[in-house]
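Chain IDs A, B, C and D follow the sequence of writing; residue 1 opens each chain.
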């Protein structure tokens, strides 16, 4: 059981990294990776929301959609769940911890349309995970997301000072850089 | 007892080239026909002239009065006639009001010049006053008024005085020769400082590459209570105030703080010598030892020159140039200031005049930073010069500040070691200027 | 006396260190390994290295001409990259493999980000990862030292991993130290590599922080997690059998892609060691040195950020009694 | 005439992939084969047209406050429809693309057109705009996947096009190849734009580097 969870964790963080091998959540990856601080804020928000999403969508899918034969409503149901979850989290944080809200506030709305969050919900449905495995997968995926995002932000802070060829400034060099990271992540293949 | 050699972390080992002058006794340079005495030779407010054009002045006569506490007066270094009071080029690169005096070659002493009595009979305030009136400012280069250093605020309890005889700058040997030839006076100066501060512990710190100076100073301090000669490793910037204090006492001057914050006062050997002269003979600071050196000088020398002597006269006295001179520097090669002309006077803070041949000073090709980390390894302040410089060059001074740009002491180790020949110190200095300018604006 | 004096900012005195000389030193340090490779694998190894270097230098030159940038091939860094790319391919590959690898290393990894000093992963290792992912068969066909081309052998690590046919025998340690074993052109002879590394250390081009912590970590990890229980691992085989020596001394120490802080360099070495061990012991590849260095390259900016040395005078002020 | 402008806008001038750089996840994920690229592009076009036309038709009666939920529901509905259609008629393709078909719902191209165009313009303009954007997206996917499939597999739509001696660059069909191809292609188009701008003697327009903050969503 524990080994199994460990395997899911390692797989979701490294081997099937959301950003670098599954291509989920690329927009924040390129958009919010210019500074380590903002990348860290975004990462914490994503870890929070994705783990909760994994738990709630699992419950909704297995205790509402499947029993009533409503699987075809998955996409609509999940997107509604995520949107309300983000709203809810935003409200709770605002009430309980204004400092945390200050730090995460601007990232939370962006997460609604982050396909990594919906992606983890849909992936959990496709795999025969039990509840704990689904949550661990959600957590691991978001940690993998955070790891790639934050290290990439460190790299981009340096690239901001580099004399990059004109035509490659901005997105092109950012994408090529991501390609090199993805190349390095190939090293984890076969680990699980 | 094995002799301990003290040092700090970081630093570099440049070619010292001290053998050009370190065995040459101090030579008294004939008094020039004309001296130019700037009214600002120290850190702090410039002086008000006390004389008019046409006045006759005597050697040692006060010709500029200090304005404010952080300031010292200036004195005439010759006897003769005031020819002009006008802005003249100063070693700092600016034009500064200066008194031009034509020498009458008589060296008539001013009446005020007489011995001030023995140390036992003087009080702390007497000593500080003598030092101030003698116009003594730090002779290591920064030229901070010495009496100010000796008057720390009451909440700073000073318990240690260090006489800086490290002389870590390559080429320079003026302090070295002073220690070899005038050790007694230096010890006397140290005792005066101790008394002025009411402190018991005095150290004279010398790099081990000057064994004759260590020997001379040890002989002079024998039997003196609370005064000790300590050996420092030969490494640049061993003589940097913060590095020196760390090496000798193990204390770290806090970021943005002063030596007095850790209970230490540091004075240069030249300063101690001048204090001794001011007390023993009553002579104000009108001359100093300057090392004229460099591969492009025909006969390098250690010269005792009058303040206000033109560099041109000094070079001529040393036989002129040897080959093609490329760079003229006042001070040492690591922190000195490059000058574009010889038409400037030696001032209280001029420790050396260095002339490097043109083949040693060709600008080298600057290449992109490879992040080799050599600058991080050598920085005596534990900074990351490459990043401060990079942000500075990108006009991102806020980030440069986060990387502690203001802690840089501009010692030049990073630029020295950089294999890509990047302008590290230059750009960090720029960052410091911008950060301070911004702070002033906000204040 | 009307001389023209040059006026610049201090210091007016520069050390003898020059980046082109440093890179030349690296080239010199790689030559013993090249000689060893040529002895064990034949002239083909030398030929592939020459092709690789030529491709690297040519690529840099052409790109700089096209982009109207300053030509920087005189800093020897392209030569180093070219040599390292060749050192990272088996001696049996087609001639165009190192050429394509060098092109990738220079064009994509280095020039896309502004040239020397601005690449954030090691160009030669990225090229190796690229080649390994693209042409896995060519890149894992090993030659028997001294034998005719195409006779396949196994690297000691592959034998340890059990991915090769049964019956392959582990060579003895001395053979491995000298380098008469299967492997890439430049990685097999620990002896030759160590001679080069000693030269670099003597010339102060590198320091021991990264290589030592890297090698020790791999040694300890592979010793602890042995195939027959804890503390039984054949760690010497792990140290000598793959690209560890080459990677630790010549590639993990690459200036732009390794941390600049002393503590950061140790962390880099330990991190590389852990990842190498994990990939070798539990991963899909018998060899993990190149991937581990690439992965640590990724976090190098973060390591620098969080291991900033304590600035002089920023610790709590000691109160003076 | 106006419709032609709407139609061509998305094809090149505001091409969602190469010029606006939005909707990256599917662009990177499915372009390892041309067939996948075409299928993904057309599926997205379908959802884009369907949902924006509805949104445009309802634009006058949609209350400002709940317009986002309405957009989302309408996009989700069409995404579900296309997923079910593909499941029924193109099962093998669907099995490959399943996850990314579902994720059309959060593709920021659609939300951007819904918010930026459909909610302010008449139905017919919206139709042509969405058609142009959808085809522009499809075109981009085809270009990227063509490069990747030919180099990485030696084939185009599964048919071998490279000589036998060609040894495919496997990396191109692996994840790193996606990033590298897209990055280099955008760089290439930037360069072309800069060159043609120079040639036209027109005022040197800056090579397109869209403000990245515009792309934070999605």
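Heads up, the rule we're going with is that a residue touches a chain if its C-beta (ideal position, glycine included) is under 8 Å from a C-beta of that chain, and two chains touch if they have at least 3 such contacts.
Given the structure is predicted, the values throughout are model-derived calculations rather than measurements.
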item	value
Geometric centre: closest chain by C-alpha means	C
Averaged-CA centre spacing for the pair chain D and chain A, given as whole angstrom	22
Rounded Å distance between chain B and chain C, as computed from the means of their C-alpha atoms	47
Cα-centroid distance, chain B relative to chain D, in whole angstrom	69
Length of the line joining the C-alpha centres of chain A and chain C, rounded to whole Å	33
Touching two or more other chains - residue numbers and ranges from chain A	163, 165, 168, 173, 176-177, 180, 183, 185-186
Per-residue overlap in chain D, given as positions that touch at least 2 other chains	171, 174, 176, 180
Sequence positions of chain C contacting 2 or more other chains	108, 114-115, 118, 130, 133
Complete list of chain pairs which touch one another	A-B, A-C, A-D, B-C, C-D
Residue numbers on chain B that touch chain A, as the complex places them	368, 390-391, 394
For the chain B and chain C complex, residues of the former touching the latter	12, 14-15, 157, 159, 170, 242, 246, 251-257, 261-263, 312, 315, 321, 324-329, 333-342, 354, 356, 358, 361, 363-364, 367-374, 376-377, 380-384, 386-387, 403-404, 407, 410, 412, 415-421, 423, 425-426, 429
For the chain C and chain A complex, residues of the former touching the latter	67, 108-109, 111-115, 118, 120-121, 126, 129-130, 133, 275, 278-279, 282-285, 288, 290-292, 294-295, 297-302, 305
Chain C-facing residues of chain D, complex	167-172, 174, 176, 180
Residue ranges of chain C touching chain B (in the complex, touch as defined)	1, 3, 5-15, 17-19, 21-22, 72, 75, 77, 114-118, 255-256, 258-262, 265, 304, 308-315, 317-318, 320-321
